[in-house]
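Below: one structure in structure tokens.
In order of appearance the chains are A, B and C, and numbering begins at 1 in each one.
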């Protein structure tokens, strides 16, 4: 027990770090679903972003180039989803599934093209952390909260920004109208198709960013399967957070905490097979869904195709 | 009076189907112009062309004397054309104020300024006498208020020409009167209203001029003062319209089902049942009259076993009902024409034949060993037989039922439900959205079934339909039975008052 | 010809076009995907024609190779049937991989601990796989029925749990000495192999199961109800079907099929559990089912096609050094193009277009073939733009 107590600052810091990719991707999904686009291809988008971020960072030596590449990759892949679901009205879940198969395959392919089949992992760049003056000097929580990579600050900043956009701005209200009732929005002169495409671009960019975080901040390597279901956990976080930015943050922090906890437990507790610790994030996601999710209450037209003339 | 808008020779083609065929329509300032026509006559298509949702295949639109092209709803709104759709285009999760201001640029700041928006909208509402609670969520409003929100929405966008698509279908007589006075205050300010309806009484009451559409063509435009409802009905149908009159039954057989003090969600004002007692007898049609949303759907749910009453009992000749499930009610001989044929009655992507045997797949006529192996040939033969007997118009019984017209879909349901000679038929809104021919077909089938000894519960929002078919009339208001009246020589005045809760 | 029969015929002609195109869609999708794959190979400076030649000679070049293609198709047949069965009932079982793995874990446990040998032992192992696969699926099914939880998310989460559990089994419980893997199952429990070929009896089982599933879905009342629930749950309930029970049972059957697949893969091909066992079979099964438009017989053929690609990919990698992942890209593209083609067919605009086409053919019967060819081209173009 003592070991766990002494690991608390570590856990806190790791929680803050592990929440970031989930949060970025959950907000990506929030933007997507608010416009009525259920995207279950988040895992795929993340792996695309992870690889593109890694490669661009590796070859340029600049993590910010990696960040940009990750976002662009996410957007490009998600434009496939956008075209098929918006223009052709393909079932969103089916296409999300296809993205989950396509994007990791692309990532794996390009990695092998770049580095061959060697078993040694290529070392890319890692983004340095930035301490916030004064705040990071607070004992225990200071280093945990205010010594993060810039991407982490961006992710946390997105929470109030998105909340404000959806509730305080006309554009945000119009945006939500598309996810609630696209026919009505259309008769009101709101650009339904444009909003949906925009939603896909935002979703792709943020998911790609979330993926790039994994290869630029969390580790500095790329391996197939690095995403490890985080997209689906983020998807649950949106449901669990009831489609509200703040709720999504709380959900992501819970899942981020589990991720952090399992790492700390693995290091500190011997004797119990490590696989059981690794199960924690997935099990907690399941349990959280069982205990706290009530009936479906997302945007009314979520996941439905919009047939337009 | 100056002409506000004119549509000339509008045609609109969908694939091989010509929904509008050379239609012309002119509307003057300060006028209520009625568009009259059956379902499928092309009224909605024409209005969707006017509001920019569709582009016409050919034809011209003039607004205030200038030829214009309306590229989309935004164009239409900026010109001053607004439409209140029959199925409201409202966002249930948002407030009235949000719904009204959505998508507008009346207030240039990107941030929402709710108090200023509210002041403006309230002003507008007061000016035309529209009573609306701007901070209430649409989901919590009565239908009447939702409609006023729709009208405000259109006015807030500066509409001079308002299209009201079947606005009275969902209103009580009192609410309808309120709507008419709103229309009057609009025309007094030189705004024009296109009023879509097929209720002759109202049309004659509110219109200045009337344009009749039939089969996608504009038949004629008449001044209201110079025509009669009979003439309009004949023009609408294309031949002299003789409404069939059915004999009323006054001495039905024994009770097939009785509800004793049944309540379901009694706490709800709309969509609940409170202490409902009624019985349905062999060989009679009991008509349930009332404005939509006063417990009709819930009544249908209880008598088909779809919902279990919160309190009270349902009795059948074989005793009190213990298990509320559609299956046990079906087994007890209850047939159902559900209120929404697409979502509740049919499996759209299955074939006509499959939908016809939907309830009887275990039957030995259609499969060996209680559903272990289908007898495809027998199923096909049966479907062909049903198609013949019920005049289902289709290319093949193997085509998906979704591809049929509404009338033919309803015939599939009728064929399936009546084929088993049920002891009770629950018919909820059986002719909603059907044209006159299909409506007559459904009515005739119901009367035939009644005369064969079936008990029928008819639920309909169309008061004329209830009057025409019912041997006994029960009025529902806010989930309560307001009274029971004889179908023969029904006291119309009294019943309409009861429907409004008086 | 009277006006009414004229209209009737036109409708049926439009319907026939629709059927033809929906059959063509996957074939066109495969073609386009190969072309794109070829372009990617060319971009790497390799010869795509040579690559594809290696791909197909490596998977179909001789009976031995055909046999190994069939063997690698075998698990996909199971997981695709599993996906198709659940999706027919309107639930998306993305947990095929977890159920497959848990089935294999159950089988390996029985095989190594029960001591039952020969055919009874094999049957016992497979039965264990079926039951455990079904139970693993039942977790998601219960959450769906009781709490209304999205079955996709829960079944995916359970995939990760299953993979970790399997890893626990082969690293701790049933470890084979120093290697992180289980011992091999006893020889007497290995499935019968056709002399001289790598092909095992499990492939036959898969084919039989495919026919059985097709029969259940198309010819029985139960299958009819499952399909009805999948297409319209509300109408199914109004018409007296026990909707929740049907969803539950379908999901469990789906899990049972996947679990059985895991057993067969274990007893027929791998003989032991180790890292990577079953990886990707769940999603690929879903992909196969979607391309086959949920038809069981179609799934069989698509799965075999996927098996051919998998086997051939290694030959291509050896021959011209293109990573095997290219095949996965091609597969994913096939799904995207085929579902897009199907969706395009269902668009109101397309339907109107087909109706116009049918009407035109009525007028000029002689030129019909030309018109159809041009439409096939259009389908392709739509797909390509995606």
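Here is the rule we use: contacts are C-beta pairs under 8 Å (C-beta built on N, C-alpha and C of every residue); 3 or more make two chains touch, one makes a residue touch a chain.
Keep in mind that what you see is a predicted model, and the values were worked out from it rather than measured.
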Chains contacting each of chain B and chain C, listed by label: A
Selected interface, A-C versus A-B, where C-beta contact pairs are more numerous: A-C
Averaged-CA centre spacing for the pair chain B and chain A, given as whole angstrom: 45
Computed distance of Cα centres, chain C from chain A, in Å: 28
Two or more partner chains touched - positions in chain C: 348
Of chain C, residues touching chain B in the complex: 4, 8-12, 15, 218-222, 224-225, 227-228, 231-232, 234-242, 348, 351-356, 358-359
List of chain A residues in touch with chain C within their complex: 40, 80, 83-84, 88-91, 93-95, 97-98, 100-102, 104-106, 108-109, 112-113, 117, 228-229, 232-233, 235-236, 239, 273, 275-276, 278-279, 282-283, 285-286, 289-290, 293, 295-296, 307
Residues of chain B touching chain A in the complex: 51, 53-55, 72-74, 77, 83, 85, 89-94, 98, 101-104, 107, 109-112, 153
Chain C-touching residues of chain B, taken from the complex the two chains share: 14-17, 304, 306, 325-327, 329-331, 336, 338, 343-350, 354, 358-359, 361-362, 367, 370-374, 393-396, 399, 403
For the chain A and chain B complex, residues of the former touching the latter: 168-171, 173-174, 176-177, 180-181, 183-190, 299-300, 309
